[in-house]
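Got a structure for you, written out below as structure tokens; questions coming shortly.
Each chain gets a letter, A, B, C, D and E, in the order it is written, and its residues are counted from 1.
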Amino acid sequence: MSKPKAGFYWCASCGGCEESVVDLAEDILGVVEAIDFVFFPVAMDFKREDVEAMEDGEMTVCFINGAIRSSEQREMAELLRRKSQVLIAYGSCSYQGGIPGLANLCSREEIFKFVYHDSPSTDNPQGTRPQVRFDAPEGELELPSLDKEVKSLDQVVEVDYYIPGCAPPTALLKAAVEALLSGDMPPKGSVIAPDTALCDDCPRIDTKPAEPLITEFKRPWQIQIDHEKCLLAQGLLCLGPATRGGCDHACIDGNMPCSGCMGPVSRVRDQGAAIISALGSLLNHDDPDEIDKALDGIPDPAGTFYRYGIPHSTLYARCGITAGNGES
Amino acid sequence: MKYLYYPGCSLKGSGRSYEESLLASFKKLGVEMHELPDWNCCGATAYMAVDEMKAFALAARNLALAERYGDGEPVTLVAPCNACYLALMKVQKYMAEYDEVGRTISDALASADLSYRGGVRVRQSLDVLLNDVGLDLLAEKINHPLGQWKVACYYGCQAVRPFAPFDDEYNPMSMDHLMRSIGAEPVDWPLKARCCGGTLTGTIPTVGLRLSYIILREAIDRGANVVATACPLCQFNLECYQSQMGREYGEDLDMPIVYYSQLLGQALGIDDRSLGLQRHFVPLTAAAAVG
Amino acid sequence: MAQRTPRMSNLHITRRIKYQNELDLGFGKVMTSIPGAEDLLRCIQCGTCSSTCPLSIYMDHTPRKIIAMTRAGFKDEVLSSATIWLCASCYSCTVDCPKKIKITDVMYALKRKAIEEKVWPRGLPIPVLAKEFFASVLRTGRANEGRTVAKVWLKTRPLKLLANMGLGLRLMARGRMSMKSERMTGSVDQLRKILDSVHNSDTGHSPG
Amino acid sequence: MIMHRKSPEDQPRIGVYVCHCGVNIAAKVDVEHVRDFAASLPGVVVSRDYKFACSDPGQELIQKDIREHDLNRIVVASCSPQLHERTFRRTCADAGLSPFFFQMANIREHVSWVTVDPGAATTKARALVAAAVRRVARAEALALRQVPVRPEVLVVGGGIAGIHSALTLANAGKKVFLVEREPTIGGHMAQLDKTFPTMDCSACILTPKMSDVKNHPNITMWTYSEVDEVSGFTGNFKVKVRRKARYIKEELCVGCGDCVDACVMKKEKVQVPDEFNVGLSKRKAVYMPFPQATPACMVIDPKQCLQLMKGKCAQTCVDACERAAVDFDQTDEIVEIDVGAIVMATGFRPFDAKRIPEYGYGRFDHVYTTLEVERLVNASGPTGGEVVLRDGTVPKTVGVIHCVGSRDRRHNAYCSKVCCMAALKMAHLVKERTGAEVFDFYVDMRTPSKGYEEFYDQVLSEGVQFIRGRVAEVTDWAMTPEEEGKLVIRVEDTLIGVARRVPVDMVILAVGLEPQVDTAEMQRRFNISCSQEGFFLERHPKLAPVSTFTDGIFLAGACQGPKDIPEVVAQAGAAAAEALALVDRGHVDIEPNTAWIEEEACSGCKTCIPLCPFNAITRDEEKAIAVVNDAMCKGCGTCVAACPSGAAQQNMFTDEQIYEEIEGVLAYV
Amino acid sequence: MSKDTPLPSAEGFEPRIVAFFCNWCTYTASDLAGTSRMQYAPNTRVIRVMCSGRIDPRFVLQTLREGADGVLLGGCRPGDCHYQSGNYKCLRRFKLLKRYLAQMGVENERVRLEWIAASEGDRVQKVTNEMVEQIRKLGHCRLEQIPRPETEPAAETHDLEQVGAGGMI
């Protein structure tokens, strides 16, 4: 009997997800023993043509990390969807849009304008911009086009499972692979991670006072962070209460507040709104001016509460970013 | 029916036609009126302002005379003039209500061998007509119904204020009923008992005239073609100053102001002269044509 | 109506303050001893009297204010007020007063007080009329309207007498006025005796 | 208990009833159209319009449909749920359907009565009906919960309100704890001389009730005691009462006063102002507030007693007491009691006249408050009932000033209600006792109660001079020789229209009523609300005037707002009756709109716990999750909205039900 | 009235506003506006909650996502909350939410919090009319459409954003 075939592909991502595979350490040997990787551009020399040559559904499973922003990423996602039986969105970007998803706060034109003209490090006197087609001496070249907004994987193709995290905890990857191999998979559409919030296994939970605990918001560099005490109680914006656990509280152990990479628990429609509601409620001020003053300590609510999930949030993107110019 | 009758000064002077028409009508209705012998001024309004107690004494003497006239029998004293009516009622009431008034007046009467024990019932002539003679008897006796009259019944103040034993203080109706029974049509209007200005018409004419004019104007606006009064002073003010009002307010006023008793007399078939109609400035007949 | 810019000369600037020592604090109390005025102090200043009064619009102080001032001892202001002379004795206020204050009687009392203290407004014929009326009755026992009025005009405004001459003549022509006095049928002496008796009894309300 | 939270397996079979409400709805909303529209919605089996859905035939129609069409959800589109929700819930219940499978769409108050255009009104009605249909499909069968109730009642405060409440309850056979913080019960009423308008002697009518309290077998009276802590909920409150050390053994003291005579503080200058006489006399460290104090028991003021302050005193009191009742070693004692209901009767505090400096209280000796004059005219007061000023003279002219601290947005915007009558009483008493000329300065005279206007009429006829106008100033600045040495009251006589200066010998300030100083603290301790001005807030100003928003806690007397004695007693009786109705029934029903936590979803993040205003959420330390106490939850849903895990839910207002409603109002244009 | 009244008016933009009103004050106030027959713009749809403290920012976002052009939140005046302080909790969340909404390009006027006491029927009228006017000027709320995979069969329910049914392996 042949081993199940697997693929691993990246779209708009940083490579951290691939690192997480490496982080399996010696366990990776077991994986390689059980699975045949037939597509893994970072690690192995397969080409797109190799995938196109496969039968539909030939791969048992394909892991895709990264968000979808370009025509190429969309095409690859569609291609891999066709060729695999099970498609897993791997990592925060693929799952919810991730850090690249923050681009949904800006229009494509704004991004181009900044990157190719306004950024302090740019020197572009001709005002050149990348083109989809370009006549080179060698002939016409075609580059992938940039979409108007960033999407999560499931906004482009049907996704069977999600493994959250930035990067996903290796334990979750391992659990997913084991479940795949044993054929004991959860219902389609499941997020393969615990379904309680991080506070559930936070080592500092006992130091969290059961009272309105926030009078002002601070950023980690502003204070000497206590290693034992609940970070919210220290005025730091910890998204733990609204974020799925399963990450083994790595950030907390590193004395940094949770930034929400695991996404919301299943009952919550919108992670950012959930933390807005929870933190807002716990703010210990009644006077409107005092409230405003405290809230000034959160200069970028969208980037803070939706750091990993703007495309997957209720509002999806800033109003009007797809309208008008920016054609390229 | 027999009554003692107190005319008062006005009914012997400017209000003569009131007495003439009233007595003639009563006679026709079979009601006997005996004038109180040796009566004196009632001490009304103006007197009060000089010496209240003396005003009371004047009125009380008349009551004492009436009581003596009755010789132990209950006496009804009919006072057609509103001011007299009020003055007589008031002293009777105050003598009973205020010890000081009762004592002083009794003493004063005693000094002239008179006394008053409260045995006289003072009544306005309208009251007698409505409640003793009665509308049924009146209807029987009427032989010249006065279909042409739209009457503004003007009671004046003191027939119903502050004592109102026989009619409503705000919207008296006795004269209205009387007018209806003689075939005339009383108009509904709100100033039936509003002040005509009283003696102010003579003393502070700008104010008095205005008050009388308001009455007259409203009567005209409500469609009346005659005003019937129950008070000689009201009658005098509304009639005798009418031309002056006309000048003052630039209007042609031509409203006959009569006593209700004159209209009653006409309906009973009494001739105009016996009713004193010739004494009026605005002839009743002339306006009837207009109405 | 044309708007006019007020001029300094049109502004009536007066000082309005009352010191307690300018008042006659007992005034109100004295007035309550007069029959009919006993409930004066019960006034709740509702203003019904002022609004029902057909003459209050001509008054310098409304009847309500007259009562307030009487009670508070503003004797001079009350007695020199035109208000009390404008009362035509229609009794509307007396009937309407929720505290059953006999306001017409109070007005009579104030008129008498004003006559007594000789502070009525100059040229006002009312007190003269009242006195003439009184004199007429004293003489004949009855009032003669024509004579009384003529005398009043003569004493107050003789020109007015001339102006009203026409009316008088017309009344006479119709038998509604006579210069001949009506008289009591009996002797006036009995009446005078009664009046003298009242005069001698010390009631405190006689004009003296 | 909640029966089951999940929807039943069977599919929703919904009946929709569009009410015409006569023409109230039908004249604006095309009810037939809405009916037909509703019939097209998923799950709707029956859709009807009806003239008056709330009428008996209307309700019968719904019940008949439930039976014949096997309906399991009902929507009535009619008036506000505030009006008829209960009616239709009962209709459903009587037909055997859970009352909570009912939903109302408000198409009268929110549509037909407020919309001009009939087309727009019909559109809006459609949206609201659609929302109700979608919401009701998610409804869950719930049941009212019953909790047993303890029979004892706590009455806080021993003034006339507390006394009357306690006696009413005790007479009904209930065990009552009466807690009073002063050394005696009686409250402010005990300080009064006469009570308006009948002028009964206050002590004569109060003291018998005080001894009744003392002697009643069902009343446990704790004076000099305060409530430290309240926990639990309606029917089952746990209360900690602090019995302050009075340094006198209450069971031994007979109130003979030998200790007072013996006390070393003989000189007046070392004595302290007597609270009962509002500082008009002095008392020693050991004292009894007044001769009829109940209990008739001394108390030692630890802030004055040399022994207690410095530990050094001859202790003459100890020697003087034959019954050995003095005990300097006493300490505060905490007693814990369980009660089913609480009656708050904590009373008021008189407005501090010093806060209006222009009236000179505290600056001029001869400016008094009404309460002080009550003591002055009282026969057992500091002057034996003589109205004499602080310089020993009898005033010949007296000014009484109304509305001191009331109807004044700088202090209290409200009318204190009792001061007009109190001022009239003062005017009457002072005039009666001294024959002085009395001036009464009022803004509006408010005497709306039985016999009150008549009392005003009487005082008017007694010749008190009433001046309408708010006093600007009480001053000793004389402008005329007559004003020399007097207090001059400056005022506009608004009825006469002149400014006046009225010189008087004595000024009496009719001070208003204010909430007790520690009302805010009490509010927290008892978990009840205060209105803007700081008095305890009733549940409904008209229909629930003695209830609070905390079930089982009732209000009696002036702690709820200014009141005079008749009204206080009436309200105290009402509060007792409400408390009785609760404890006598033996159990309480609780609306099922409570919150609950889905255990497996809760991360134990503690967000919800501090948000609950009723302390209904606690943390189960073992499971490390939050738990809602069903009986304490009032169903506001704040915790539900704040839960970042979606673990908290509210019955009748679940997230899903609200999302259905949101989508319902927007889905069908 | 004809049964085929056009619904809604074809011409002109009519904003759709969803209002979340607390049971005790604002809902009662809007009932009062009704009983007082105060006429106001028909664009709001009221959803009753027990307390403004129950209003979850997620409701506001979802309401906009479902196509509303504005969201009005109503609670008791400060100090008057039936549940002591639910309105303050609502206010704090609301202020934070507004900052997020501003970043997301949702105009300030679209989401509004008002304290309306039970006696202030006239305020319901005033606030509603005012808000409808403001939003009429702004036009439709143009949230970006959320894309769906083309291959996916037509979605049957609304719970597009609700990913995963939970469970841990």
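Basically, a residue touches a chain if its C-beta (ideal position, glycine included) is under 8 Å from a C-beta of that chain, and two chains touch if they have at least 3 such contacts.
Everything quoted here is computed from the prediction, not taken from an experiment.
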{"item": "Joint neighbours of chain D and chain C, given as chain labels", "value": "none"}
{"item": "Identity of the most central chain, Cα criterion", "value": "D"}
{"item": "From chain B, the most remote chain by mean C-alpha position", "value": "A"}
{"item": "CA centroid of chain B to CA centroid of chain C, Å", "value": "23"}
{"item": "Intercentroid distance (Cα basis), chain D paired with chain A, Å", "value": "55"}
{"item": "Chain A and chain C, separation of their C-alpha mean positions in angstrom", "value": "101"}
{"item": "Distance from the mean Cα position of chain E to that of chain A, given in whole angstrom", "value": "31"}
{"item": "For chain A, residues contacting two or more additional chains", "value": "195, 265-268, 274, 277, 280-281"}
{"item": "All chain pairs that touch each other", "value": "A-D, A-E, B-C, C-D, D-E"}
{"item": "Partner chain A, residues of chain E touching it in the complex", "value": "53, 56-58, 60-62, 64-65, 78, 85, 88-89, 91-97, 99-100, 103-106, 141-149, 151-152, 161-169"}
{"item": "Touching residues on chain E, where the partner in the complex is chain D", "value": "1, 3, 5-9, 16, 18, 27-28, 30-31, 33-35, 37-40, 42, 45-51, 53-56, 58-59, 62-63, 66-68, 79-86, 89, 93, 125, 158"}
{"item": "Chain C contact footprint on chain D (complex, rising order)", "value": "437, 445, 456-457, 460-463, 465-468, 479-480, 482-483, 493, 495-503"}
{"item": "Chain A to chain D touching residues, read off their complex", "value": "195-200, 205, 208-213, 240-242, 245, 265-268, 274-275, 277-278, 280-282"}
{"item": "Residue ranges of chain C touching chain B (in the complex, touch as defined)", "value": "34-36, 54-55, 58, 85-86, 88-92, 94-95, 102, 104, 108-109, 111-112, 115, 124-127, 129-131, 133-134, 137, 141-146, 149, 152, 167, 170-171, 174-178, 182, 184-186, 190-191, 193-199, 201, 203, 205-207"}
